[in-house]
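The block underneath contains the structure these notes are about, expressed in C-alpha cells.
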Amino acid sequence: MTDTTARLLINCPDAPGIVSAVSSFLYNHGANITDLDQHATAPEGGTYFMRMEFQTGNLRLSREHLEQAFQDAVATRYAMKWHISYAAERKKVGILVSKYDHAMMELLWRWSRGSLPCDIVAVVSNHEDLRADVENFGVPFHVVPVTAATKAEAEARIEELLAGVDLIVLARYMQILSPEFTARWPHRIINIHHSFLPAFVGANPYQQAYDKGVKLIGATAHYVTADLDQGPIIEQDVERVSHRDEVPTLREMGQDVERQVLARAVRWHLEDRVLVHGNKTIVFA
Amino acid sequence: MTDTTARLLINCPDAPGIVSAVSSFLYNHGANITDLDQHATAPEGGTYFMRMEFQTGNLRLSREHLEQAFQDAVATRYAMKWHISYAAERKKVGILVSKYDHAMMELLWRWSRGSLPCDIVAVVSNHEDLRADVENFGVPFHVVPVTAATKAEAEARIEELLAGVDLIVLARYMQILSPEFTARWPHRIINIHHSFLPAFVGANPYQQAYDKGVKLIGATAHYVTADLDQGPIIEQDVERVSHRDEVPTLREMGQDVERQVLARAVRWHLEDRVLVHGNKTIVFA
Amino acid sequence: MTDTTARLLINCPDAPGIVSAVSSFLYNHGANITDLDQHATAPEGGTYFMRMEFQTGNLRLSREHLEQAFQDAVATRYAMKWHISYAAERKKVGILVSKYDHAMMELLWRWSRGSLPCDIVAVVSNHEDLRADVENFGVPFHVVPVTAATKAEAEARIEELLAGVDLIVLARYMQILSPEFTARWPHRIINIHHSFLPAFVGANPYQQAYDKGVKLIGATAHYVTADLDQGPIIEQDVERVSHRDEVPTLREMGQDVERQVLARAVRWHLEDRVLVHGNKTIVFA
Amino acid sequence: MTDTTARLLINCPDAPGIVSAVSSFLYNHGANITDLDQHATAPEGGTYFMRMEFQTGNLRLSREHLEQAFQDAVATRYAMKWHISYAAERKKVGILVSKYDHAMMELLWRWSRGSLPCDIVAVVSNHEDLRADVENFGVPFHVVPVTAATKAEAEARIEELLAGVDLIVLARYMQILSPEFTARWPHRIINIHHSFLPAFVGANPYQQAYDKGVKLIGATAHYVTADLDQGPIIEQDVERVSHRDEVPTLREMGQDVERQVLARAVRWHLEDRVLVHGNKTIVFA
C-alpha cells in the first residue's frame, strides 16, 4: 500500500454489468486497478458489494471531478451507495479503555511500529491507571470518570475529546455506551468481546466458559450497536483450553486471543476491507 | 496399548498421600505403571481424579483378588469411587443414526482400520437409507421408526437391540431421546452437535451460524443428559468460514469438523480418558 | 455452482485495463459475472492472473463463437494465455494408489456424496489390496505391478488405463513416476506428501519428524514435477503433536491431515481455482 | 503457583516402582503433590522422565535435609539425575537482541504484567536502537558491538554482563554464538527461529518461504547448541498465508507467531516444564 492507493467501496442492488462499468470508468480515467473483491448476497436479486483498490498516480482528473464523474456516469445508473477513501489521508482513531491494558497496548505497539495505518489521536479512560503506558507512546491520555448519574455528561465529554475521529476502538472499555452514543457512530465503533460470540454474552465470559467446561475459548471483534454484544461480527478466533485451566489462566490465554483478533479487525477496518450488510459483515481480507 | 494394559480410574475427596498409596499398592502387586494423570478440582478441599495405566503381565493376583485387595487396602481409606478396565475386554458400542452418513461412516471406517478399540455391535436408524453403507462393514443394521406416538416403544426396541453395549453414539441421530432413556445411560451416550456449544443450541445450527455471521463454525461432542445439548462437553473444534459461505457450504465444512471431533471423543471414551465432574469433563488426552 | 457456470482463466503480462476489457467483453455477450479473483505477481511488470466465474444462461453466442471472439477482441491484445472451462463438462479423474487406503477412501467417499465435481474413471494400484474398497463405489480397479525392470512398461499401461483423464491423483502411490511421465502431465498430477514440505522430503517423513522432535506434523498437496517432492505446493496443513506420540501415532494423526489436505487440493483443482506461476501456485479459494 | 511450590525433576533408567518410591518419599516428609507428569521413552529399557510439583508448606525437613534424604533414600537406588527448583527463587533471565524489537517487547511486556515468573536482569544488544524501549521497563540495557575480529571479546563481555543468570533468551539476536559459548550454557539458551524448522534453516527464512510458495509460515523456539538451528525444539506454531502475501507481509505475520511461540517456550522453561532427551524435548505443558 502506498500513498497513491485509493479504495472504492460500493453497495447496490445486484445487476449485470457492474464490474464492467466500474472497471471501465476507472481505466478510462487513468486509474490502475490493483485489487478487486466482490460479493453478491444472493444468486439473484441480492445486494452487490465491491471493493476496488486502485492507484491514483496517473489520474486525469482531480479527486472532486473524478468522484462527480463517477456519480454521474456509473453510480446513479446502478443506484449505488459508494465511497472512495485515499490511503494518503490516514484515518483518525480514538481508543476507549478502562483498566485492562493488553488490548490497548497491542494497538499502540503495532501503531508505533507502522503496522496500523492511522493516527491515534487520543486514549480516553474512566480510570487513571494506564496514563504512563499511553503517554510513553506520545499519545494524549484523558480521564473521564463515569457514574450512573454522570453518564450522559461523560459521554458528551468523550465525544468532545474524540471529535473528528473516524473510528472509536473499545479496547476493553468496561462501560456500556448509551444507545444515543452508538447511534451517532454507526459501524465506526469496534469492540473486543472476550468470548466466542454468541456464546457467553454479557459479563465475565471467562467465568461462564469455565462453568460450562468448553474446550476452546475465544474472542470476537464486532461493531457496536445499541444491542449489547450483538453488533456485526468482524473477526473471531479461539484457543484450545483444558480442564486444568482455571479462570485466571483462561483470562490470560484469552487476552492473547483478544489482542490478535482486535488488531486484525482494526487493521481491516482501516484498510476499508469491512462492509456491513444488515447485521453481518463482508470482510475482503 | 496392548492386551496387558489396564486402567484404574479414581475419584475421591482430595487428600495428601493418594498418589503414594495407589502407586505403592500397584507396585507391590506386580503392576508396572505406564501412564498417570491426576487432577484436583480445587487447591484444597476439592475432588481428586486419577487415571493410572498399568501393565498386568506380572500381576501376582487374579483380577478379582487384586480388586478386592485395592478396595480393602486403599479405596476405603480415601472414600474412593474407582473402576479398573482392561484393554483386553473391548468395549461394545452401538450407533444411532438417521440419514446423514458422515459421522457414522467416519466411525465405521476408523473402526474397520483398527483405530477405534471397540466392537461395534449394531447400527440402529429410524430410516432405511444407510443400510448398504453399514452392512458393507459387516455390521448389523436395524431400522426402528419413531413417531411421537411410538416413541416409548421405539426406545424400548432400541435398548433391546443394543442390550449390553458400553457406549451408545448418536452419530447425527435426529430424534430426541426421552429423559428416562438418557437417565439409564449416564455418561454412556455421546452425541455430536453441529455447533460450537453453547452457541446455537437446538435445530439447524448452521442456519443459525449463517444468520449470525460468525467467522468460525464448530462442532461439539458431549455426553447426553436429559437437558438437551447441555451435557458435559468432551471435545470441540472449529473451522474458519467467511461471508462467501452459504448454509450448504457451512454444512459441508462443518461435517468435516463433526467427523474429527466425534472420532476423537469416542476414542478417548474407549480409552477411559474422560472423567465427569458435575457438568464438566476431565479429559486425560 | 450450477451447470451454467463457466470459468475463464487468464495469465498475461500485467497491464492497465485488463479487468475492464474482460468484464466488458463478457457483459456485452450476455455473461453474468458471479466471481472474480485477480493477482499480479509484482506491483509493476509482473504477470497478471485472473479467474472469472460467469453464468452462461443468457450467452448470445455459442461457446465456439464466444471463444473465438474473445481471442480476437481481447486475448490477442494483451498476449493472454487463457482457457474457459464449463462446469457442465465434469473433469475426469484417475487415482493411483498403493496399499494405504485413507487418502483414496476420502476422495471416493466425498465423490460419492457429490462433494467432488468430477468423474472418477478408474483407480490403478500396484497392489491388489484395495480392490474391494474401490469396487464398492462402482469404480473400476486395475492392478499394474511395477518393478525396476518393468517401470516403463507399467507406466505405459497406466497411461493407457487413464487415457483421457484431466487429472491424476497420487493418493499415497509409493512409486516414483519417471520424468517422461510427469512431463506429459504438467500441472495435472496432484500428490499428497505426508509432511510439511520442504521439511522431510523423501521416504518415511513421520520417522524423520519423530527423530527431529517437531511439535507439529503436516501434509502437503502439490503438483508433481520431475523434481521429487519439489513441485508447486497447492495446500498444506498441520496438527499439533507431543513427545508422547510415537511414530505409529504420528502416522495415524498425519493421515487425518493428509485426507483433509488432499481433498481440498483436488476440489480446488476441479473448480479451476489453482493457477501455476513458475514453481508456485496461486489459489483463488 | 504459589511461593510454596517446588518442582522435582527426574530422569533415570526406566524401572518399576519409581512413582511409588518418589511419591511415598514426598508424602512421608510432608510434601503435598499437586501435579505429576511422567514419560518413558520406550515401553521397556528406555529413559524415564518425571516432573512432580509439590507444596512445601508442611515440609518436616529443611530443603538441605530433604534433598540429602531424597538422594540417600531414592535417587541412588534408581540412578537418578534430579533437581528440585523452588518457585520462591525466581529464575534470572538475560535477553540478547539486535534491532528487531517484537520478540523482546513481548517478553518484557508479559514480564511487566506478572505473566513470566522470573527476574529479567539485563538486555544486551549489539546495537543501540532499542535502549529506550528497554529502559522504559526499568531493565538495564547494554550495548556490546560484535565484529568478526572482536567476537571472542564481545562474548566474554556478554557473559560478564549476564553472570549468574539461569537462562539466556535470544530474542532475534542476529549474531551466531560461538560453540564455546553455547557449550557453557547447555539447555539454558533459548532462540526463536523465524521458520517452521527444519524447513528454512539459516538466513532470511521468510524469503525462503516466499520463494518456495508454502501455504503456512511458522516459528520455532529451541535450545541453542553448537549446531546452528538444530538444537532441541521446545515449541512451534504456524499461520496460514497465501499467494497474496509478499515477503514484508510474511515477516509481519510471522512476527506475531514468533512472539507467541517464544513467550510460551520461555514460560515453560521458567516453570521447569521442559526436559531434554538427546536432541528432543519433553514438554510437560
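First chain written, first letter: the chains are A, B, C and D, and each begins at residue 1.
Here, contacts are C-beta pairs under 8 Å (C-beta built on N, C-alpha and C of every residue); 3 or more make two chains touch, one makes a residue touch a chain.
Protein identities per chain, from UniProt: A, B, C, D = Formyltetrahydrofolate deformylase.
The structure presented is a predicted model; accordingly, all values stated were derived computationally and were not measured.
Enquirer: If you check the contacts of subunit A and subunit C, which chains show up for both?
Expert: B, D
Enquirer: For subunit A, which other chain has the most distant CA centre?
Expert: Most remote chain from subunit A, centroid-wise, comes out as B.
Enquirer: Need the CA-centroid distance for the pair subunit B / subunit C, whole Å please.
Expert: It comes to 37 Å between the two C-alpha centres.
Enquirer: Between subunit A and subunit B, what is the separation of their C-alpha centroids in Å?
Expert: 42
Enquirer: Help me check something: in the complex, which residues belonging to subunit B touch subunit D?
Expert: These residues of subunit B touch subunit D: 16-17, 19-20, 23-24, 26-28, 32-36, 38, 40, 43.
Enquirer: Where on subunit D is subunit A touching in the complex?
Expert: Listed in rising order, the residues are 101-102, 105, 109, 113, 115, 136, 252, 256, 260.
Enquirer: What part of subunit A is in contact with subunit B in the complex they form?
Expert: 39, 196-200, 212-216, 218, 232-238, 242-244, 279-283
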